[in-house]
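Common to both upcoming complexes is subunit A, partnered first by subunit B, then by subunit C.
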Partner chain A sequence: MSRSKSLAVKYLAAAVLLFGVMTLAGLASAVYYINPDFLFGFVPFNVAKILHIDTMIIWLLMGFMGAVYWFLPEEFGCEPAGIWAAEILFWVFVAAVLAVAAIFVFVQWGPGTETTLWLFQQGRKYVEAPRWAAIGVALVMLVFAWNVVGTALKARRITGVMAVMSVNMVPLVLLYLIAFPKIDNMAVDLYWWWWLVHLWVEATWEILIGCIMALAMMKLLGTSRRIVEGWLYVEVALVLGTGILGLGHHYFWIGTPDYWLGIGGFFSALEPLPLLGMVVHAVYDAGVHRMKTSNQPAFYWTLAEAFGNFLGGGVFGFMITLPQLNLFAHGTQWTVSHGHFAFWGAYACGVLSVCYIALQEQRRLVTVNGSGWVWAFVLLNGGLIGMVGSLLVAGMAQAFFERAIGGSTLEAFIAGQENPWFMLGMYSRFGFGLMFAAGYLTLAWNLSALGRRQVAAVPQPMPAE
Partner chain B sequence: MSPVVFLVTSSLLGFMVLAAGAYALLYGAARFRESYALLIAAGFAYAMLALDAAGIVLATPLTPPWKLLIAASALAYFAIPPLTWRALQYAHREEGTHL
Partner chain C sequence: MPFDDPAFWRAGAISTTVVMSIVLAMLTIDSLEAIAPGGSHVPPYTVINRHIDYAHNAKLGRDMPTIGQDEPLFGRAVEAPEAAALIERGKLVIQSRACIDCHTFMGNGAYYGPDLTKAWLDPAWEAWAAITGAESREEAMVRFLMAPDQYATWQRRMPNLGISRDEAVATVAYLKWLASIDTNGFPIHFGRIKVSE
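Right, the complex of A and B next:
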């Protein structure tokens, strides 16, 4: 196996481990809503929540990087440029993640000084990591960009997928730099912070996962390059057309001018349209291949990505995206349900699909099958759907009683938190969270044990019928 | 907007996209299986969508520009599955893998 693929396996393994940490921290966060004294004096709710959302970002990022390092040598026929730097930085990245997690758990906060920003945490949601760690992530991103672009230059050739990915490296690196400034005006700070959270995560990541899935479809289904590249260009056009100004739906209530209400609402309303095309495409692919490939779990996770993205991003998003409705739903558990579903569908399922693709080749399996992955698939997706359904109920109760009836006062907030519908949602979310955690354990077991007893052979992608 | 109308409007918007997804899924399945029954089911799903969109336009307190956007979206949802299917068939034709 090439050095790049060995590195990819390390990244994917680290991603799956962090997926477990994210699940555990999420489960702990769910317990606080039922029992606020949980781990009192040791790990407060905000620390569990930070661990939950930060590991979510990092495991997906590591999953993307693993996927790209996996496909890179196949695309260019050579080892990536600067692979030695990527190999070193992988361990630096892992060490930094562990150090930051330890700081969050054992130090938690410091005085409002520069020292705290540099050593402990920056206090900005999703990018709480202290500056030294943020510099590390920026360095990892720079080397990642060098690996992709430099390999194309080294190989003196470029494919459509890699051209899109190479161009995407520019915003991927530049937008992350917004993680650094300390802006005292909260409205201005949030204005730019959303560039990082929306444009980095929801635009550059969308294109990155689009490239990864294009490569995965060629590998998994033997789909021709011409077709996947054609669809990738369509996706890029749609992301640029609807996703960039869709940023406006985050600008509704943070002190920005009123015109963002119209811009954000309009472009957000367009966002489900391409997702509908994706549903049709998924049905078409499933039909062409009669639901059969040599790698069933990878194929099913790909389908789960298409439908999860549609339901989480499209259906759950559209309920709360128009400004008149977002006024009440903004920042409630309703938003949380949309966020969970959309991230799961858009990114997590894609990364899990690539894990199985890499596993098949690494262990030289003719086919990937069995019942383990089915259990993992059912428990994870069932748990996730149950969680987002529960959060939806809780969020609707919150928006209705706390916001629409109570007028967002402190009293209304407390009444909303004590409302039986809200509490039902919280208990139910915890129950489905346990189901999701069982799914994670099954997945981890399945990924580690799959094919260990099978006869090894070189896998071939199933040709389209 | 009253609290109840807020919840109803939001649910109608979510249902509209859900019905669009059901229409796309059933339309794709109908073309793939060449099933008239599934095509009728797809039509039924779209009828639900259209009814839902009409409800949003006629009965919710959204302002006219947003209602216009909803109506235009409902029309666009009708066209997307057949157009996408045709584009997919065209793209796959040269590969010999089209349905």
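Right, the complex of A and C next:
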């Protein structure tokens, strides 16, 4: 196996482990809504929440990087440029993640000084990691970009998919720099923070996973490169054509001028279009190939990606994106419902698909099938959809009782949180969270055990060094 | 131009991205001007010396902050540099304690605690002044922030985050300034409805 693919396997394994930490921290956060005394005094809610959302960002990022390192030698026929640096930085990345997690759990907070932001935590959602760790992530991103772009230069050839990925590396590195500054003015802070969250996570990541899925479709179904690249360009045009100004739906209420209500509402309402295209593409390809593939779990996770992205990101996003409704739904569990579905559909399913693709080649399996992955697939997707539905019920109750009727004061907030429909949603979310956790354990077991008792097949041809 | 030629869609992807990026850049320049302190939507930091309220604007059809007569924090007016220093310190406190991972600011953050956009204006502080033995809203907020574990609100408690008096004063100044920002009517009819009635 090439050095790039060995590194890919390490990244994918680290991603799956962090996926478990994210699930555990998510369960802890869910328990807090049912029993506020849970771990109070030891690990407060905000620490559990930080661990939940930050590990989500990191495991997905590691999953993307694993996927790219897996496909790079196949696309270019050579080892990536600077692979040695990537190999070193993997361990630096892992050590930094462990150190930051320990700081979050055991230190938790510091005095209100710049030193705290450098050493302990920055206190900005999704990018809470202290600056020293953020510098490390930026360095990892920089080397990752060098690996992709440098390999294209080294190979003296480029494919359409890799051209899109290479160009995408520029905003992927630059937008992450927004993780560093401390901006006193909350309105300005949130303005740029949304560039990080929306344009980095929801645009550059969307393009990156689009490229990864394009490569996966060629691998899984043998779809022609011409078709895949055509669709990828359509997706880029639609994602960025609607998403760049769709950013405006985050600017409704942060102090920005009211023209964002119209611009953000209009363009974000169009954002489901590229996701619908993805579903059409997936169904078409699956139909053409009569659902036949040598890697059933990878194929089904790809389908889950297409449908999950459309439903979670597109439909559930559209539900709350128009300002007339967002005024009430904003900042409630309704948003959380959309967030869970969108991240799962848009990114997590795609990473899991690549895990099975890599596993097939690493263990030299002719086919990947069995019942283990089916259980994991059903439990994870069933648990996730259950959580999303539960949060939707809770969020609607909150939007109605706290925002629309109550006026969002402390008293209204408490009334909303104590509403029986809200609490029903919280209990139900925890129950489905347990189902999701069971799915994770099944997935982890399946990924580690799958094919170990099968007879090894002839390995696939390796790329030229 | 054949639609099944990837080059056609590549040209579309590039041109669409360039056009949208230019429009975003132009809107960003205008928005940053509007949300700078003293801009059309965000008052200067010295607004903490004034009375701040939130009322329905019938002409615009939405709620808006109103800036009234002098009403300095703790009865002492501050000049612009001191106000800026308070806001800077307040933001550092908010970030160093990861407030946004329990609360929301302008609806952004986590949903375990209440939204803090208009927390300065919350009618609950009247009752909290009595509970904490404070003579003013700002003093009640300071006492609560310094020892939230002593003043449990309901089943969910805020942990003691070791906030010093200076830090608490700066945080209260920050929340007062935050309440003065024109957020296009979010949250709607804040404080005009009493749930318990």
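Going forward, the second predicted complex is superposed on the first by the 457 of 465 C-alpha atoms of A that agree within 3 Å, B and C clash if a C-alpha of one lies under 4 Å from a C-alpha of the other, contacts with A are read in each partner's own complex, and residues count from 1 in each chain.
Definition applied: a contact is a pair of C-beta atoms (placed from the backbone, for glycine too) under 8 Å apart; a residue touches a chain by one contact, two chains touch by 3 or more.
Quantities reported herein were computed from a predicted structural model and do not represent experimental measurements.
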| item | value |
| --- | --- |
| When subunit B and subunit C are modelled together on subunit A, clash or fit | fit |
| Centroid geometry (CA): angle subunit B/subunit A/subunit C, rounded to a multiple of 10 degrees | 90 |
| Which of subunit B and subunit C A:280 touches, first, second, both or neither | first |
| Contacts of A:230 with subunit B and subunit C, given as first, second, both or neither | both |
| Which of subunit B and subunit C A:311 touches, first, second, both or neither | first |
| First, second, both or neither for A:170, with subunit B first and subunit C second | neither |
| Contacts of A:1 with subunit B and subunit C, given as first, second, both or neither | neither |
| Contacts of A:330 with subunit B and subunit C, given as first, second, both or neither | second |
| Subunit B versus subunit C as contact partner of A:405, first or second or both or neither | both |
| Contacts of A:396 with subunit B and subunit C, given as first, second, both or neither | first |
| Touching partner for A:257 - first (subunit B), second (subunit C), both, neither | second |
| Residue contacts with subunit A in the superposition, subunit B compared against subunit C | C |
| Distance in angstrom between the closest Cα atoms of subunit C and subunit B, superposition on A | 6 |
| Residues of subunit A that lie at the interface with subunit B and also at the interface with subunit C | 226, 230, 328, 404-405 |
| In the complex, subunit A residues that touch subunit B | 224, 226-227, 230-231, 262, 265-266, 269-270, 272-273, 276-277, 279-281, 283-284, 287-288, 310-311, 314-316, 318-320, 322, 324-325, 328-329, 396, 399-400, 404-405, 464-465 |
| Contacting residues of subunit C [partner subunit A, same complex] | 4-6, 9-10, 12-13, 16-17, 20-21, 23-24, 27-28, 30-32, 34-37, 40-42, 84, 87-89, 91-102, 104-115, 117-119, 122-124, 153-157, 159, 161-162, 164, 167, 170, 178, 181-196 |
| For the subunit B and subunit A complex, residues of the former touching the latter | 1-3, 6-7, 9-11, 13-14, 16-18, 20-21, 24-25, 27-29, 32, 61-63, 65-66, 69-70, 73, 76-77, 80-81, 84-85, 88, 91-92, 94-95, 97-99 |
| Contact set on subunit A toward subunit C in their complex | 32-33, 36, 40-41, 44-47, 49-50, 109-114, 116-117, 120-125, 128, 160, 182-191, 193, 226, 229-230, 233-234, 236-237, 240-241, 244-245, 247-248, 250-261, 263, 327-328, 330-333, 335-336, 398, 403-415, 417 |
